[in-house]
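Please go over the structures that come below.
The following pair of complexes shares a single chain, chain A, combined with chain B in the former and chain C in the latter.
What follows is the complex of A and B.
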C-alpha cells in the first residue's frame, strides 16, 4: 500500500493577463497541474525558464493566488482556507529561494534573521528562541560564532544554508525549494545538496525541488515531473524518466544535457551524424 | 598534427587599484592557443576568467588596471600595441563575446543598425555591401528570416536569437580567434545545445581558434580540445580535455569534477564537497593558494607556493592515448592516489 500523500495538487491553474486592460492575450502560466508529494519524498519539478515551475511553487502557498484547482495538505485544502489559518499552516510548509544574496536582510545578523523567522510563527520566550536558533545553526553545520555574522561575511553556499536554516527553524514538514543551488558554484552547490539530503533522512522532510538543472534534479529527487508551457508533460520515478523518457519534450531536454566526459560527447556526435540504416 | 601557435600568453598579470589597495586578479597566467583549436578556461566565480579575457582584448580601463607579461597573437605582442592598432586588431584578428553581452545589444537600435555598425567599424564598405554582408552573417549563424530580423529590436528576440546575432557580429571581421565568455550560461539547456553546435560548426568551416570560458565542465567536455583550470588568479592545471577528465592531477580539479552531479552518476553517493571558501584577493596565502581547502596539504604547501610544473604521466597518459604535455601547480601531485576522483573510474572503464 502506498503511503498517504502529504500534499495533493489537483488541476492547479493560473493565468496571467496582458498588461494593458482589454488585452485579449492570456498566458496560462500553470495549466491543469496535478501531482502528489509523499512524506519523506523529494519531488522534482523541472523545465526551462518560463515554463511555470516557480509559479506552481508559489501558487501552492498562495503567494500567487491560483485561479482554480485544489491543494490539499494533510487532508485540508489550502486554497479554501481563510488567510489566517493559512498563516499557521506555513509552519509546516516553508520556502527556500534561489538567491542567497537577496533573500537575507543584509543589516541583520544571522542569529537575528533566524530569530525573526521563529517569532513570526511562535510565541516563545526569548531564551527558548535563542536556544533553538543555536540548535538549528549547529544542525546546518555552523560553529556558534556564526550567530553574530552578517550575510555579507559569508560565502554563497553558507548564505544558502542559512536560508535553509530559516526554513527549518519553524519545524516544517515540506520545504519548497525554488532553484536553491542555481546561483552557487559547483563545489558549494554540492554542500547544500548533501545537506538537504541528510536533513531529509534525519527529519523525514519532504521537498518540492524546483530546478532547470536536470542533473541536480536527478541527483536529489525520488520522482520527477517535467513541465513545458505550464503543463506537466510527464511524471514518474526518477530512474524511469531518465532511462525511458516517454514524452518528446523530455527526450529533447535529456539530449541537450552536456556530456559528463569528452569521450561520451564525441560518441554522441558521431551517432548523430551517422545515418541510421 | 599539432598546429602552429596562434596566441601565446606568457606570464600575464593584471592588477587593479582598489580602495583596499592593489589586487592582482590574474597572476602569471600562461597558455597557448593553436590554429583551429578550442581552449577552455574553467574555474569558479571570481577566479579570473573574465579578467584574463578582457586583458587579452585590452578592454579594461587602463586608469586603474595594469598589465604585465605578453599576449602574442601571430607573433605580435598585443599588450605593447598602441591603442589605435589594438582597435584595428579587435574584431579583425580577435573578437570577443563578452559575459554580459546579451544585455549589451542596445535596446533603442534595430538589429540591422547594430550588425551593420559592427561591420563598418572594422571594414570600409558601402552601406549596401554592409547590409548584404550582415544578411549573410545572420544566415551563417542560423538566424531565420534574416531580412525581417534586421528590422527588429533586441527585446523582440529570444535569448538564443540574440546570442546568434552577437556571434554574427563577432564574426563580421573574420577573426582568427574568438573569445567566448560564458556564451551559454544565461540560456536554457536546449538553446545552449544549439548555440554550442553552432560555434562548433562555425569553427570547423574555418580555421578559427577559440577560447571558451565557462564554469560548466559539461560544456568543456562538449567543446574543448585543451583546458586550463584557474584558481584565485592562477592556472593550477592544464591538459588535453580527455586527460583532464580521465586523470585530473590537481586536488582542486579533482574536487571540482567530483562535485558535479552527473547525469549518469551514482545517485546513492553523496557529492564531493570542497571545504571552506576561496580566499579574497586581499589576503592571498603565501604558500599554495589552495592549501586551506586541500586534503593533501603539508607544511611545505603552507610555506611556499608551488610552481606550474610541466609533467608527463607515462602510465596514465598511455591509457588515455595522450602524448601532449600537461602542467600542474602542486607540490604533491605525484603522491596523491589516483582513485580520489569520482570521474576517474568511469573514464578508464
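What follows is the complex of A and C.
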C-alpha cells in the first residue's frame, strides 16, 4: 500500500562538542532522528529555534557531517557515498535557504548565479545553459531582463524566488526548504508558498519543509514531524497532529499559535484551566 | 588603479545610473580627491621632471658643490655638485617603482595565502604560524636581515619588502574571507556541489578585493618609507643610483651646512606618503561602510 519512500532517514545523530573535543559539554543537536519522505510529498519539520531542525536538513546534504545513522535516497546511502557520486546526487536534492539576503552573492548577477548552479552540475554549451536559465526565470515569474539584475536590486520575496529557481534549475526531486519564508512579510510568504505548491503539483517534487511557524507548515505539509531538543517527539499526517496531538510538547506548540478570534482564545483558556474530571 | 580586479571593486556590479552615483561619491570624497591630486602631481613631476633639470642626476660639478637653492638649481646641489632636484626626480622613479612593485607582489601573494588559509583549516594553522613568525620581527629589522642575506641591490629591496609586508596583506584577506565564507551563498554553493576552486576564486575572491585594495595603498606608502629607511641605513638602493633614502643619507653629515640636502627629499617622502594615505583612507570610507569616518 505504501509507495517506496524517496528519502529514508534512520537514526541520524549529530552532536557538537565544546571548544575542544573531549569536552564534557556535549550538545546533541540531532538525536536518533528517523523519518521518510514519499515522492511528491511535503514533509514538515517543526520545532522551536535551536531544536535541531536546520542541523537535520544540513546533515542530510552532508553540509554538516552527521556522526551516525543513514540517509538513503532512492535506496542509496548518502552518508557512505563516494565524493563523485555524491556530487551527481546533488542534482536530485537541492536546498532553499532562510535568508534571501545572504543566500545570493552580492557581486553576481542573477543570471550568472543561476548559470553557475547549472555549470556545477552539467557540462552544457553556453547557449543551452542560457536558454535554461531564461526558462527557469520565466517559470518563477520573472521577465527576461531580470537576468541582468543584481540581488540588491530585488525585494526579499523576489530574491527568495531566485533561491527557488537556483534549486530548481538542476532538476531535483527533493528540495530541502530551510525556513524559506520566515524572513519574508506575511503577504509575500503566501506568494512564495503558493509557488512552491504549484511547482510540486507540476513537477512532482518532494519537500522537506523546515519551519518554526506552525500555521505555515500546516498550510503546506502532508505530514509533520515535531522536533524537540534534537529528537522527533511525534510525527504523523498534518490533520492528525493538529486535531489530536499526542505529545505534551506538541500541545504546547499548538497552544502557542495566536487564536484567530477572541472567542476561540477564551475557549482555549477555559479548556486549559478546567481540571480533567 | 583597479585594473587588476575582474570586476572593479569600486563598482561591485552596478547599473549605469548607480555607477554615476558612485563617481559622484568619489568626487565628493575630499580625501580621495586630495590624495589623488598629490599623487598625480608627483607622478607628473617624476615623468617630466628630467626635462626641467639643468644637469643629469649623475653629473658631478665639483666647483658648484653645496650650492643653496636658486633659480637654476631649484633644490640646490649636493656635496659632489650634482643637481639635487634631478636626483630627487630620479630617486622618485626608484621609490615609486619599489613601492608599486611591492604593493603589487604583496597583493598577489597575500590574496593567495589569505584565501587558502581562510578556506582550508590545516593550511590555516601552518601558514598563519609562519606569518606570525615573520610579523614578530620589526619590519625594518627583518628587511635589513633579508637584504644582508640577498645582497644590496635594488631588485632585492623589492624582494625583501615584499616578504616583510605580505603577512599584513594575507591577514586582511584572510579575515575578510572568513566573514564571506560564513555567508549562506557559500553554503549554498557547497550544497550545489561546487568545487573548492569555484567557491574560493570565483565567489569569495571578488568579495575581498575592496579591503585588499585599501591595504595595498597603505603597503605602497609603507614600502616607500621603509625603502627610504633601508637606503638611509645603507642596506637599500646602492649609490650612486639615487633614491630618496640615500640622498637623505648623503645629506645627514651636512645637515647644519646644507639643510636643503635633507629637507627636500624629506619633504618629498612626506608628501607622497601623505597623498597615498589620504587616498587609502578615502577609499576605505568609500568601500567599507564599517569604517565610516566620524568627521563630516
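Methods note: the second predicted complex is superposed on the first by the 260 of 277 C-alpha atoms of A that agree within 3 Å, B and C clash if a C-alpha of one lies under 4 Å from a C-alpha of the other, contacts with A are read in each partner's own complex, and residues count from 1 in each chain.
We adopt the following convention: a contact is a pair of C-beta atoms (placed from the backbone, for glycine too) under 8 Å apart; a residue touches a chain by one contact, two chains touch by 3 or more.
None of the values given here were measured: they were computed from a predicted structure.
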Fit or clash between chain C and chain B when superposed on chain A: fit
First, second, both or neither for A:87, with chain B first and chain C second: second
Which superposed partner A:231 touches (first chain B, second chain C, both, neither): neither
First, second, both or neither for A:109, with chain B first and chain C second: second
First (chain B), second (chain C), both or neither touched by A:95: second
Partner chain(s) touched by A:117 [first = chain B, second = chain C, both, neither]: second
First, second, both or neither for A:53, with chain B first and chain C second: neither
Residues of chain A touched, compared between chain B and chain C (which is higher): B
Partner chain in contact with A:212 - chain B first, chain C second, else both or neither: first
Angle at chain A between chain B and chain C, C-alpha centres, nearest 10 degrees: 80
Which of chain B and chain C A:139 touches, first, second, both or neither: neither
Least Cα gap, in Å, left between chain B and chain C after the two complexes are fitted on chain A: 10
Residues of chain C that touch chain A when the two form their complex: 7, 12-15, 183-185, 187-195, 198, 202-203, 206-207
Touching residues (chain side chain A, partner chain B) in the complex: 48-49, 155, 157-158, 185-191, 193-194, 197, 212, 214-216, 218-220, 238, 242, 252-265
Touching residues on chain B, where the partner in the complex is chain A: 44-45, 188-190, 192-193, 196, 215-222, 224, 241-242, 245, 255-256, 259-265, 267, 270-274, 277, 343, 346-347
Chain C contact footprint on chain A (complex, rising order): 61, 63, 86-88, 90, 94-95, 97-99, 102-109, 116-117, 120-121, 150, 153, 163, 166, 170
